[in-house]
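Input: a single structure, listed below in structure tokens.
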Amino acid sequence: MTLLATPAGKFFDDFIIGETLQHGVPRTITEADSILYIALTGSRFSLHCAQTVASAAGFNKMPIDNFLLFHIAFGKTVNDVSLNAVANLGYAEVVFTRPVFAQDTIAVTSEVIGLKENSNGKTGVVYVKSTATNQRNQPVLSFKRWVMVHKAKGAAVTGINQLPELAAAVAIEQQHKPEQLDIQGWQPWFSDNQRTARDFNVGDTMFHRDGITINDSDHSMATRMYQNNARVHFDQHMMNDSKHGKRLVYGGHIISLCRALSYNGFGNALWLTAIHGGSHCNPSFVGDTIYAQSTITDIDLTLQDQGLAKVRINLLGIKNNQPSNMDSLYTETAGRKSYHSDVVLDIDYSVLMPL
Amino acid sequence: MTLLATPAGKFFDDFIIGETLQHGVPRTITEADSILYIALTGSRFSLHCAQTVASAAGFNKMPIDNFLLFHIAFGKTVNDVSLNAVANLGYAEVVFTRPVFAQDTIAVTSEVIGLKENSNGKTGVVYVKSTATNQRNQPVLSFKRWVMVHKAKGAAVTGINQLPELAAAVAIEQQHKPEQLDIQGWQPWFSDNQRTARDFNVGDTMFHRDGITINDSDHSMATRMYQNNARVHFDQHMMNDSKHGKRLVYGGHIISLCRALSYNGFGNALWLTAIHGGSHCNPSFVGDTIYAQSTITDIDLTLQDQGLAKVRINLLGIKNNQPSNMDSLYTETAGRKSYHSDVVLDIDYSVLMPL
Amino acid sequence: MTLLATPAGKFFDDFIIGETLQHGVPRTITEADSILYIALTGSRFSLHCAQTVASAAGFNKMPIDNFLLFHIAFGKTVNDVSLNAVANLGYAEVVFTRPVFAQDTIAVTSEVIGLKENSNGKTGVVYVKSTATNQRNQPVLSFKRWVMVHKAKGAAVTGINQLPELAAAVAIEQQHKPEQLDIQGWQPWFSDNQRTARDFNVGDTMFHRDGITINDSDHSMATRMYQNNARVHFDQHMMNDSKHGKRLVYGGHIISLCRALSYNGFGNALWLTAIHGGSHCNPSFVGDTIYAQSTITDIDLTLQDQGLAKVRINLLGIKNNQPSNMDSLYTETAGRKSYHSDVVLDIDYSVLMPL
């Protein structure tokens, strides 16, 4: 009997600037993914719920929810990028290039675009740009993310410090309207006669009222559906010895819950074009009840003649608490936010919304 | 920053007799809904499990289970009708007009057919007739239901008292056989060689033996799949302060569990034609084990020449107990049933069953 | 009111050697089953995840995972074979004859091939050979299994003792390569550039590192998806009085978890051809974290010219523990294994693996 080493993921020292990683296990996204996503998150954005709505909006088939697409694409990168991550530090420049439909197959590559060794000599930050393509090799999504990764035991200290360019936001002109999308046939009742872009102003803030409590199987199934194999989400035996003694809920599940909750008020936030950045401010665990609050931070009228606005939204996730009971969700000092311990998510994204 | 009010649903005073509400978020029902329904409820009614069975029974495609259809249609009405409900009081005249197949899209409207203010001046009962149509605008399902809804704070007392007609049962001639259904090719082994209509008599009662324990994610996922957004099912943080301190399991999930359990004995109860009425006698919570008992209350032979009977069944759901350990499931005084505290469901429905 | 007896399954005395049981509720397997299987088990074997991968491997459509097929076929037999089982004792000669694709419908029959009354006069062992066929009546899977079943109360002691032939292993020539499968187009990145057959030697052992904690709904949903209606998995109220006081996790779910975990290291174990035998050494419960270890026990080169090896693998499942903390997983005396109390699974199977 020979004991073979188990594939254990890359350490900081294994990454090379400019290298492209072709991630394994491409994935055909199916209508079952869409239904399971609804069942796991409670999403009700109608473009992804009804063929009649999709048709009225110019699509031949219901498009896949871009948040679902993001989680599947992100999941593909975990095995090569973040299996030995200490922490997922952030993402930026998440751009949705092209809609994806049931039966499309997604493959994902990541280019290493930055490396910064930490002064402790034990960890470093890896920056990658990941690109998801469909079966016709057309890009459908790209994003940058950075993670703090362990150095291998005994690896030499190199002091490497090559930082990539990271835009503070996805430019308006990079926020793509799907070519099929034609909002002329859109009916207000599709989304419960909710506010459209002309009913919002920059600075408008809404607490979305509903809460959703996280169950064990909810987040586990979602994370497995995304084929994200980070151990912290699944292995309670290992996590018994961790700081919180509990499995961590995948941050992407929190994003999807908050987004689903935001339907109540922002139901016309139809089409995700970009995620500018996001922080998982505090961890979430089974049993936490998640609430959400949105603030409009920009309304762009470039597509006005097509009846659409590009609306930028700051979405905050809160656990077991409500803004009305909290002095503030965060304080800001020199551009740096310090969050209330009940805030679990701060995400900055843009959508197309009917005017 | 401007705080916007969150859509909070209609209060009693917002409803107008004769008004029709077009509910948001139409829904394409898919084969994934059918599979998830099986996974969540344990249903084994073979017409909805196998294309070969559906074909033998005259269908080109497997029809969607009418209970699944009902829950999806019901879910659509929650946002406009019962978001501020104190209690779902009942339903009647649930009629399945036409079969639904995977890829059909359901939209639902509700007409306000009755309003009765309660003497306390704080609540009232709203009666609606809801109709679900497919993408060809053909009605597939209609039902009446009534809910007790809060009056808005400070709303004037009107003393309105307009009650609708509610039939005690769906008439035999309104119990539709799908035109495709042809039972000649039906094989007894499809449904485990169980009793057919000729083996039953009015008054026959069967306890279905199997039990099913409710897990957190089971009922949450089912309720989200139906896009029923009533807060009591999802928000534990809010429910901590409620009478039971726990999230309530959606009553429709209990119906589906009892129906699924009834397969063991009533496996030939093929096609749901009508629900005459139903009560959720007591609440169910996570951890409860549900059992079921059925009694035949009518066997109609109008379709005898087609090899079918219209069989009326009274299905009772019981939690954490069995009839043999209970003096009685209910007592009846002047037509009013008083239930044992372990009885959670009393539903009166009709099916087509091979003779 | 007449109380009818509930169908209660067969007792030992009800089985007749040579008799063929046609199991109820045939099942159309859909792409939703595949996605739900991924969500419930975390499986990442890429042939079942991406149409592009399936096409590159010669298939027109993604084939259904043979483990998923096995569980569905097994589930069909429970109602007639093992509803009154004391224990599932084993299975052998599990042969996958033909690939199954989404939309195929599976029906299952079982022939009674052996009966052995136990000396206690209260139970007996029933041996069956089950065969699953598709809608063209082509066999897709066959297997033998044996279960200890209660005798009916008061049934006569017969001393019957007719044992079937049970092969110790499925012969190499009975391990079928699907005719479509052509590995020439296989890309190493499909399966994360993992070891292929030429990188393995008989005796190689790998602990797969990842662990997966079982949640209530995970195993319940999987078992219901397979329409396996054995009561011990679902009825907590009944199980309160059992030895462990808890619902038992369906052993097949443990097989699938271990198989999914084995992707990390054995990701090229592409196509299940046979299960030679298996034991559920100890029960698993909700909250247990499952780990897996594989050992290569044979590498057959019969299909070398097609770029494939037939690799035999011994897969062990462990709960809440790791081999490095255990003196041994089992000890063997006279061909009989005695397992560590944390070992929950010992399964012996063969796959096709690229060379």
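Letters are used for the chains, namely A, B and C, taken in the order the chains are written, and counting of residues starts over at 1 for each.
We adopt the following convention: contacts are C-beta pairs under 8 Å (C-beta built on N, C-alpha and C of every residue); 3 or more make two chains touch, one makes a residue touch a chain.
This is a predicted model, so every value here is computed, not measured.
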| item | value |
| --- | --- |
| Fitting subunit A to subunit B on CA atoms, where both chains share a sequence, rotation angle to nearest 5 degrees | 120 |
| Same or different contact residues where subunit C meets its copy subunit B, judged by the half mark | different |
| Separation of subunit B from subunit C, taking each centre as the mean of its C-alpha atoms, in whole Å | 36 |
| Per-residue overlap in subunit C, given as positions that touch at least 2 other chains | 30-32, 35-36, 215-217, 221 |
| Subunit A to subunit C touching residues, read off their complex | 1-8, 22-28, 30-33, 35-36, 79-80, 103, 105, 107, 135, 215-217, 220-222, 224-225, 227, 229, 231, 234-238, 247 |
| Contact set on subunit B toward subunit C in their complex | 30-32, 34-36, 38-42, 44, 46, 49-53, 62, 189-195, 201, 203-213, 215-218, 221, 264-265, 267, 287, 289, 291, 295, 320-321 |
